[in-house]
Amino acid sequence: MTLRFVGLRKRFGSLIAIDGVDLVFEPGKITSIIGPNGAGKSTLINMCAGSYKVTSGRILFEDVELQRLKKHQIAGHGVARTYQNIRLFDGMTVQQNLEVCLFSSYLGRTFAEVFVPGVSQRFKNERAALCREALARFGLTRFAETLAADLSYGNQKLLEIARATLLNPKVLMLDEPAAGLNHGETDHLKETLRSLVRPDRVMIIVEHDMSFVMTLSDHIFVLHQGRLLFEGTPAEVQANFAVQEAYLGSPGDVDGIRVAARNRANRVRLRSNANIERRRPAPV
Amino acid sequence: MTSEATSRAVSIDPGGKIHWLGRVRAAAVIVAMLVALVYFVPSLPTYYVRIIDMVLIYLLLATGLNMVVGYAGLLDLGFIAFYAIGAYSYALLASGQFDIHLPFGPILVVGGGLAGMAGVLLGIPVLRLRGDYLAIVTLGFGEIIRLLMNNLVSVTNGPQGISRIDQPFLFGFPLKTPRDFFFILLPIAIFAVTLAWRLECSILGLGWAAIREDQDAARGIGINTTLAKLLAFGLSATLGGFAGVIFAAFQRFVDPVSFSFWESLTIVLIIVIGGVGNLVGVVVGAAVLIVVPELLREYSEYRMLLYGCALVAIILVRPGGIVGRHHNPAWIMQKLGWR
Amino acid sequence: MLPSRTRRSLQRIKPVVTSFLIQQLVNALTIGAIYALIALGYTMVYGVLRLINFAHSEMFMVGGHVAFFLFAASASLSGSALGVLVTLGVFAATFVVVGLLGVGIEEAAYRPLRRASRLAPMLSALGVAIVLQNAVMLFVSRRPLPFPAFLPPISFSVVGAVVTLDQIFIVVFAVALMVTLAWFVNGTTLGVKIRAVSENPRTAQLLGIDVNTPIRLIFFIGPGLGALAGILYASYYGIVVFSMGFVVGLKAFIAAILGGIGSISGAMLGGFVLGVLETFGAGLLPKLTNGVIGSEYRDIFAFSVLVLVLIFRPAGFLGEVVTEEGMVYKRDF
Amino acid sequence: MIKIFLAAVFGVTALGASPALADIKIGTAGPLSNAEALFGNTWQNGMQLAVNEANAAGGINGQKLVLVRQDDQGDPKQGTLLAQKFCDDDGVLAVIANFNSGVTIPSSDVYNRCGLPQVTNSSNPKVTQAGYDNLFRPIANDFMQGGAPAAYALKTLGAKKAAIVQDKQAFGDGVATVFRQTFEKGGGQVTSYSGVAATDVDFSAVITRIKTENPDVVYYGGTMPGVGLFLKQLRELGVKSTFFAADPAFLPDLITTAGPANAAGAIISFQAPPYDSSPKLMQFKTDYKKAFNDDPGPYSAYGYNEAAIIIAAMKRAGTSVTRESIVKELHNTKFDGLMGPVEFDDKGELKSPSLFLYKVKGNDFTLEWPKS
């Protein structure tokens, strides 16, 4: 039931983003990956989810080598993720954003759904029921009919997580869930995430907000320049000198508020770049 | 956009409680309208019936294309190829060309099947392409098919076309006049539109919408985009094939001229002018794009000039299509009281 | 060791073959140059608005007609020493007239649709194309009009191949225009603005560039070049006719795609490549296959190449590589 | 533009020909807004001329004749739609349709179903295949059009080798095929049989290939402007072979397009004797020029002839001018038309089709065959 990265490497052209990382993620825990910008945190998630091709090494989960699979197959194995820059189906309603997650389990029955009278309504109700839980858990019930694009930033983040949970994943990877949320939202998010822990679920969080990470995680991996710098409990991490070096360049203050603040600033810039890279400009 | 359409369709009445009264009323209205149609149309002058037949044929085509363009967001500029395949399969299997004379019914199935297969086969190589790149490749495919029809003289009789195609029979009744064809076309069109609507509301339709919105994220939640896209290509092509078979049986003559790039554009025009992704729009668009040129008949050679102006005018006035996004079948059904 | 007769006959055939190949190459370059010129218009507009401008082919056709009447009007002068000047004048005038027409069309038919889905302007362009073509047919002429040749009918013989002066002129002129354009886009401030807008309109706007100026400019230059192509084409083939736009336009657009849509040098390359492909398909394939594949398979051949190129290199020869995600924009449909 | 659109939709009868009830309508459908617009338009002008003359002479039993000109864009689909439109309009007693064989074949089914007398200008042999009783073709079919030049090339010119080019349209393909068959049957050798596109303007590749075959004659099956451009480039690339083309090329534009020097010696088949050969034709030419201040198109004379044949039949029908009576009368047509005597066999084909070969000399066409 554990997820392990074995000798994982990723290179973009000349740049080596991940340089031989071996990690083991235990189910039933919240494991966080932290590290300064460009440490390769998101790259790990992207490789695990199949968004990036693995240069070398293996990703083992339930005796399956995930890196050999196609993206949707990986998802089919119960690996779900959220994105650093939110990727919802903007033109669809919240309800649909969730419902479509049940695609693979219902596709086989499409014929019945289309041709057998009544069946479609039954399936719809089944799916609606499943969605209702998720909606309720993330407090999105009253937005069910809103277009995802029209949601507030915070709710969009929640919806993205909700969408991931609807695949009831055995591996749940969240890429900066707290980014850009205000205090209240962050606390609420924390509660929600805790409630998502299952004994048979690996939960991975990539996050810059130190206070968030420290209070939420059971185990932390610290990445630095594509290598594993340190791993341990929040306490151990906070106590560790190397980590402070890597992060602040100066020892002392690790309560992370300032760090988080600075990194959030960086991140905003990062995201806007990412947007431009990801898709060519919309027409004028 | 199909979003609100499906939303209404899926989330009316979470409890799934059925309002029988409303349903009965809606059903009654629809049946009444159908009866009126079936009673009224044949009493029109044959010329109008023929126009309506044409509208229905193009409605079939547009419904098919709408699955690819409107639902899955894959721009296809070569859709006419499948129409051509359908038409030629009837022309070859029911004419003196090879002296094969199969009945209409089976060929309808065969033609649809062949077109569907072609749709999948042409779909496989272009799975990686999207947007205008896909559009151009499909344009290329469309032209290649037409040129093949024009050049493989030994098979298709080239530019001369295939004439004297058999009179189609259905259940022993000959299909001669436009009226006969109206009675065949109407149910087929209704079937096609209903099918499309049910698909739009089904999980497959949702999957297509997700691919249209963000293909990568769609894969991320386990949608097999390859399969979904090929289904879209195949299903739409099949409808195109049906339309083709009927067209050939209707005209009793096929030649490559009828399958030019311009025809492909006409079908795209239909769905865009009606309202992309909205079946009601498709119906309206088909009606407009076929009827307007006929209205302009009286202007003789000035016709196309006015037609062009009309196109630009319509697009400028309603860039999103004549029919608004949320005026979809679900909306109509609700207005009729179906809940 | 071949029997001597065969060898002699081979020696006799050789020059024939070479002259044949050279002749075909000349043909290819000429038609290619014209395709390239028209392709520029498509590629510029597409580069900025991501719009397949179906009306561009009609700009080419209108250009031919405008020039026809300008030449007719100035016929009296053209004989004299002023001939060259007159010709240049006609070129310039046509460029301006059609350029302005292009700007007008953009104002009227495309700009209102900027916020709409990308299919809307494309189809509105289609409507404009229909209007222009029929307007010319109805109000100018149905007949193919004999277009004057502004160059003396001099032809040279290069190892048995016939090369006419206007063929040379067309290729040189086209290349010159494209070089100028490339310089304009890369070397001048206006050009930089154009590039900025085509890179990312939003950002350009944020940087305080008025998006409309570069766009107007593009809709002036693109059609203008198309019109010049129209003149070259008309004088080379000796006619202008209202229906000459659509097919040539489609081919030029394909050339633009082949070369890499959005790239000027790409359009150039694409034009020449398409010219070569067509000539090969019509001139050589039948010879190589002993008529098994006749010249009527030329277009199938050309289209197949297009399809293959796009499938394996969607960016075309010189376009910047596009990812699967990069091919589509949020507001596509 | 919106105004225009509304005007188009609501003011349907504003421009259009919507005749009073008493009028007798003759419908015609041809390409008026596509690449073949020139042919369709000048063809219909020819009919208009005949109709005008008939009206000037008092019409039919005092009833005025009206020519309803429609545009089928050479599209079979629209051809059948128009056929239905004419069928439904009881005022229409005869049609001259269609121009393209590909349109005539499907539309003839429709016309036949409503018994509307149909006189066609499509030369494809298949057109009369169905043996419809109401379908008449007062022109030579492709067999004549393609055969005569081939025979002439073999016998008179003693040609051995021919290169054939055709534009892959029903017409071009039809005549070219016949030319090929006749030429080969006559012992000639066809060095190459190439297809081009009707929309092509650059034939240099094909011509360069033909040059290497150095044939005695080159036959082009196709329409303008293709013919003119082909001929021009043929000469420019230094191919000296005798050039043959079919009647779409019987246009002054051929000479203007190709240039007199290049066009000189080209042989064009046409179904009417020279305009100056008979006063009737000269009259027609001048009348046409007067009416439309333009030279007749290649099919104007045919159009005039076809209309005249129908009008004659109407006259013979006497007091009861109906679709049936016109069909009956058309069958026993004995009419000395613009282009010689017109009689129909039981299949509706012209009994004694005539074909003339013209040679381009300077700026006009001079009769080459048959030498009278």
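Chains: A, B, C and D, in written order; residue numbering restarts at 1 for each.
Note that in this section a residue touches a chain if its C-beta (ideal position, glycine included) is under 8 Å from a C-beta of that chain, and two chains touch if they have at least 3 such contacts.
Everything quoted here is computed from the prediction, not taken from an experiment.
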| item | value |
| --- | --- |
| Graph distance between chain A and chain B, where chains that touch are linked | 1 |
| Centroid-based (C-alpha) most distant chain relative to chain C | A |
| Innermost chain, taking as reference the mean of every protein Cα atom displayed | B |
| Chain B and chain C: spacing of chain centres that average the CA atoms, whole Å | 34 |
| Chain A and chain C, separation of their C-alpha mean positions in angstrom | 49 |
| Shared-contact residues (touching 2 or more other chains) in chain A | 90 |
| Set of chain C residues in contact with two or more other chains | 50, 134, 294, 296, 299, 322, 325, 328-329 |
| Residues of chain B touching at least two other chains | 1, 150-151, 212, 216, 301-302, 304-305, 309-310, 312, 316 |
| Sites on chain B touched by chain D in the complex | 45-47, 50-51, 54, 150-151, 158-161, 163-164, 176-178, 251-253, 255, 257-258, 292, 294-306, 309-310, 312-314, 316-317 |
| Of all residues in chain D, those that touch chain B in their complex | 1-2, 4-5, 8-9, 12-13, 15-18, 32-33, 37, 41, 69-71, 73-77, 80-82, 84-85, 87-88, 101-102, 105-106, 109, 113, 124, 126, 129-130, 168-170, 172-174, 195 |
| Chain B-touching residues of chain C, taken from the complex the two chains share | 46, 50, 52, 109, 112-113, 115-117, 119-120, 123-124, 126-131, 134-135, 138, 250, 254, 257, 261, 294, 296-297, 299-300, 303-304, 306-307, 310-311, 314, 322, 324-325, 327-329, 332-333 |
| Residue ranges of chain B touching chain C (in the complex, touch as defined) | 1, 69-70, 73, 75, 125-126, 128-137, 140-141, 143-144, 147-148, 150-151, 212, 215-216, 261, 265, 268-269, 272-273, 276-277, 301-302, 304-305, 307-312, 315-316, 319-320 |
| Touching residues on chain C, where the partner in the complex is chain D | 16, 20, 23-24, 27-28, 30-31, 134, 137, 142-144, 146, 155, 162, 164, 233, 237-239, 241-244, 246-248, 278-284, 286-287, 291, 294-296, 298-299 |
